[in-house]
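Got a structure for you, written out below as C-alpha cells; questions coming shortly.
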C-alpha cells in the first residue's frame, strides 16, 4: 500500500454541519457514549467550535515531515488529524504551518502532541486541539503515512470521519450523521426543559430514585 | 448504616463567612499547613471564591448516580463535595446538574473527576472545582453513599466541614473557625505591611538569615 | 565551596535584550533545538515575555529558605531561577515574595514547583513560570545553595545564563547572544515571508517533498 | 494538641490476626469495597503478607524526622504508617531504619514516598510498601506529628486501625474485625468452590446474564 | 447492532503459531513498526509468551460485567482482550475469573486496567497483561459490548486479530501472518549473525556511518 | 563544534572502582545529597551493580542513530549514557546493541527511554538502566551528538563523569573520588554499627530528639 493516499470520500457539507453544530458532550451521549478522544487533547484557545471531515497523517514521534503533505492534500473544510506518538514534549506545529492551513481552508488541527507559538496561534484564530504548548521543534526526517487510519487519543479515526471539537475536547462521529443530528436535537430540547425546571428549584430525579431503590439503597430517618 | 444520611449539623452562616472570606493559602498557613486538597483540583473558571459547609457523596468511578440525591438533600449555601474515584477521564457533571445546583442554592462543586459542558459552566457562573473537562458521560448504575465521610484530593472531608475554594484550589477548615478567622486576619495584616515594604525595596528577611546561619551556611566574599 | 556565592558576571543589558526579544520557539530553533525547559513549566498568566540573566538557587523539596537570599542578592533585570525538587504539590512563592522581587527589579521567576496566590500574582503582573498553582506552603528549614549551577526542567542553568520566557515556556540561551540574535532575525524574516505566502494558499513545501522522495515515499494515483 | 501522641488503643492480637490472614482483595470486597490504598503503594519484595495495628506519623515532604519517634513509640506487631507528601522522588527510609524497626518488632512499613537500599531491604526480609525505590535521602529538619490521623494513598488511617498488606497492595480494615473475618471466610469458601468448577470448564455466570438481560443486552444469532 | 456478537472468524491455529512464536519486538519491526500496545500494559509474571486470536469486550470503567460473557463465548486458544477505560485503579479480574479462563482454554488476558490476586495469578500460571495490580474490585452493573472492535493501549483490535505478548508487552499482527512469519525469520537469522559478530567485538555499523555522513555529521580529530 | 567528539579523559580504573564499589545511596549521602538521577531510571534486572566513566550521546526522541557511534568510540569499562528525550514509549536498544556493547567491554547502559528484548537483556546479563521495556523500535534518521555534556534524569553528565548504578537507580559522582571513597567508607562503618545496635532493639536517635525539642515539639503524657 502506498504511504500517501491522495483522496477519500467526504460527506456532504450540510450533513456534516447538521451534526457538527452540536456540542461534543451532546454528540458523545447521543451516539451511546462513544468517540470521545483522551481529555488531555484540548483547545489552545477557549471558545472555539469546529467540525469537518478528518484528513489523517501518521508522524514518527518528534517528527513532523508528514504534516506538510497532509496540508497539501487537504480541501477546504477539512480537519487535520495527526497521530504523533502521544508525546507532549514536542512542538512540531506553529504559526507557519497554521498559516498554511488557513490558506488552504482547513478548519482546525487535532494532534496527540504539543504545538508551539501559542500566542500566535491564539491571535490567528486557527483552532488547535493538542496536548499543550511545547517550545521543542521536531525533526523532518522520518517517513509516515497520509490518509491511513490512525489512533489519536485512544480513538480510531479513518479519513472522512466527522470530527467535532469544542472546549470540552474532541469527539469523532460514530453513527449515521443524519440520525445522530436528530438524536442530538431531541437531547438538547429535553435538556433545555430540564435546565429551566431545575433553575426554578424543581428537581426531575424520579428515575434516579427508582434506580437507587431497586439497588437496595437505605435512607436515614 | 444506611447508604444515605439525610442531615448533619451546619455551622452558623456568619461563622462560615467569617473564615471563608480569606484566601485558601491564608487559611492553609493560619491553621498550620493543613487541609489543602490535591492541586490538580482546580476551578473551571478563574476568579471565583466560594465557601460553605460540605455535603458529601461517594460515587463509583465512572458513575454519577449518587450526585442526584446529594443535590436533593442540599440546603442553600452548601458546597457539594464528591468523591468519584480520582479519575479525570469522566464528565459526570455538566450544565444540567449545574442548573439543579443553582436552583437549590448550592454555592459550588468540588469533585475528584472531570466535568463537562465547560463553556456552559463558565457562562452560568456556577463554580466548579474538578480535575478538568472531559466529554465522557458516566453511568448511573452503582450505589454509593451520601453524607458519609469521604477522601477527596487526599483530604478527609466530613459533612459540615467548612470548604473554601479559589484560584489556588480548595482547602478544608481544620481549626475552630472563629479563632482561625482571627489568625487569618492577623496574617493578612502582617503580609500587607510586608508587601508594602518589599515593594519599596526594603527586605524583611532577618529571620531567614538567622536560620541560615544557625544551620551553618557559608558565603563567598 | 561556600553555600552562597554572592556574585557572577552578567552580560550587558543591550546584548541580553538583543536576543531576548525573540520568541522562545525562535531562539530554540535558531540555536539548534537546544535549551528548552520541560513544557510543564508554564506562565501563571498568558501574554508575558521576559528575559534576563539567571540568578540561581537550589531549594530542598518542600522548602523555600534559599529563595530569600537569592532575592536579596539579585540585581535589577535578573531572572530568579529556582530548582526545588520538580514537585508541583508545594507553593513556596506567593504575593509576598513577588512584592520583594518587584521591589528589587527582578523581572521574573522560573521554578520547578508550584506557586500560590494565583490571583494576586496575576494582578501584580509579576511574571512567574512554574508547575502550576498549589496552596501548600513550604518549610523554611533546610539549607541549599545560591548561584551554583542548577538543573531546572531538564536543563542545566548557570548563573548569568540568559533566560527567555513566553507563553510557550522557558528557554536558556546556549549560543553567543549576538550571533544568535542575527540567526533569530533571519529566521523571523524568512518565516514572515512564508506565512504571507501560505495565507494566500501558496505552499512552500518543496524541500519536504524532496525529503519524502529520497526516503522512498509512495503515492496513490 | 501535642505533636506527639504517645499511645493509642490496640485491638487484641488474635482479633487482628483473625482478619489479617485474609488477602487484601478479599478484605476489600468483604467490607463493601472500602479501604484500599492507592495502587501505586506496593511491596518492595513480592510474596509478603503483613497485618497489624497502625502507628502513624506525618512527615513533611522530603523529610523523615518524625519516623524516628514513631519507631521509638512502636510496640511489637505494629505497622508503621507514614504520610510523607505523596512524592516518589525521596528515599527517607533504608536499611538502617529497617533494622531499628526489626529490633522493635515492627512488622512492616507503609509510606506514600520512595525508600532506598532496595537490595538490603529485600535481603533483610523487612516488609516495605512504598511508591518505589529512590536514592534521594531526606532532610531531618521539619516537625510533623505522631499518632494523629493521616491520609495515605487516599485513605484515612487512624492509630490502631488494622492494616493488611500483600502483593496487591494495602488495605485498612473498615468493619468490625470479628464479623469481617467471618465474611472473608465465607467469601473464600465460595470462591474456592467456584474456582474448582471453573477449572473444569463449568461456568457459574447465571447471575451476570440475568443482569445483562435486565439492562437490555442484545445478542447476535 | 447487537451488544453481543457471538462469533467471528479465526485464522488456522498453525498460521497463528507460525507468526506468534516470534518475539513482540521482532514482529513489530518486521511489520513496519506497527501494532505495539502502550508499554504500560505488561505481564504480571515475567517469562511468559502467548499468542492467539483476540476475542474482545468493551467494559465501562470500574465495571467488569462484560468479561463474563466474553469468557463464555471464547474458544480454546483465544486471547481475551478487554478495553476497560485505561484506568489502573481497578482490579476487575482475579483468580476466580482466571480459573474460568483456564477451564475454557483461553491462553491469556490483555486489559487496559489493573487486575488483582497477583500472587494467585502468578501461581496459576495464567498469563495476564495489564496496567498492574489493584485491590479495588469493580461493579457489575453497566452494559458494554462483546466482539466489537476496541482500542486497547492505543491500538485498534478487531475480533480475530492475532495477539502476541511477552516480557516486552503486547503486539497485534497487522500484516499477512504467513508473509510476516517469513520476514520475522529472516530478521532473526540476520540478528543472530550480527550478535555473534558483535560479541567478538566486530561492529557492523557501516550503514549508520553512511547515514551520519549524509546528514553532515562532523568528527573531532 | 563537531557533532562527534572522539575522546575524553578517563580517571584511573582503581580510582573509579574505589568509589564505585559503594551503593548509590551511600554515595549520594556522602557527597551531600547530590547526583541522583530521576528514580524512574531503574535496572531491567535486579541485583546488578555497575560503575565506570560516562561516554555520552544525545539522541533525538524516537531515534537511536547516535548510539552506534557511541559504542564504536567506547573503551572497555565505560558506561554508555544516552539522553533520548525522556520518553518511555520507545525501545531503541535491545539484544543486538547489547551484544555490541558486550563485545566492546562496555559495562552498562543508562538511558532516559525504554529498551526492548527484556528477556534477552536479562539472560545476557548486560546491565541496563532505563525507563522500562517498550516494544517500539526507533528510527535511525536524525543527527545528535557524541561526548557533549547531556542531561539524563535531571542530572548533568559530562563525558568521563563516574557513574554508579544499582537496584536503587543511578548516581553520578560529584566530588573528588578518592575523598568521596573515604567518606563512603566512614559512613558504611557507622551505619553497620548502628544497624547492629538497632537489631538488638537499642535505638540511637538522640540527635533526632534534640532536633525535635529545638523546634518545639510537644508530647502527650
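Labels for the chains are A, B, C, D, E and F, by order of writing; each one numbers its residues from 1.
Rule of thumb we're sticking to: a residue touches a chain if its C-beta (ideal position, glycine included) is under 8 Å from a C-beta of that chain, and two chains touch if they have at least 3 such contacts.
What you see is a predicted model; the values in this text were computed from it and never measured.
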{"item": "Separation of chain E from chain C in steps, with touching chains one step apart", "value": "2"}
{"item": "Repeat of interface C-F, chosen from B-D, B-E or D-E - more than half of residue-number contact pairs shared", "value": "B-D"}
{"item": "Pair joined by more contacting C-beta pairs (A-E or D-E)", "value": "D-E"}
{"item": "Euclidean distance of C-alpha centroids - chain B vs chain F, Å", "value": "41"}
{"item": "Centre distance in Å when chain A and chain B are each reduced to the mean of their C-alpha atoms", "value": "31"}
{"item": "Multi-chain contact sites of chain C, meaning residues that touch two or more partners", "value": "86, 89, 141-142"}
{"item": "Overall pattern in which the protein chains touch one another (line/ring/star/complete/other)", "value": "other"}
{"item": "Pairs of chains satisfying the touch condition", "value": "A-B, A-C, A-E, A-F, B-C, B-D, B-E, C-D, C-F, D-E, D-F, E-F"}
{"item": "Chain D residues touching chain C - in the complex, by the definition given at the top", "value": "60-63, 85-87, 89-90, 139, 141-142"}
{"item": "Chain A - residues contacting chain C, complex", "value": "2-7, 65, 68-69, 71-72, 88-89, 91, 94-96, 99-100, 102-104, 114, 116-119, 122, 132-137, 140-143"}
{"item": "Of all residues in chain B, those that touch chain C in their complex", "value": "23-25, 28-29, 33, 36-39, 42, 46-47, 166-171, 191, 194-203, 205, 208-209, 211-212, 215-221"}
{"item": "Residues of chain E touching chain A in the complex", "value": "86, 149, 151, 154-156"}
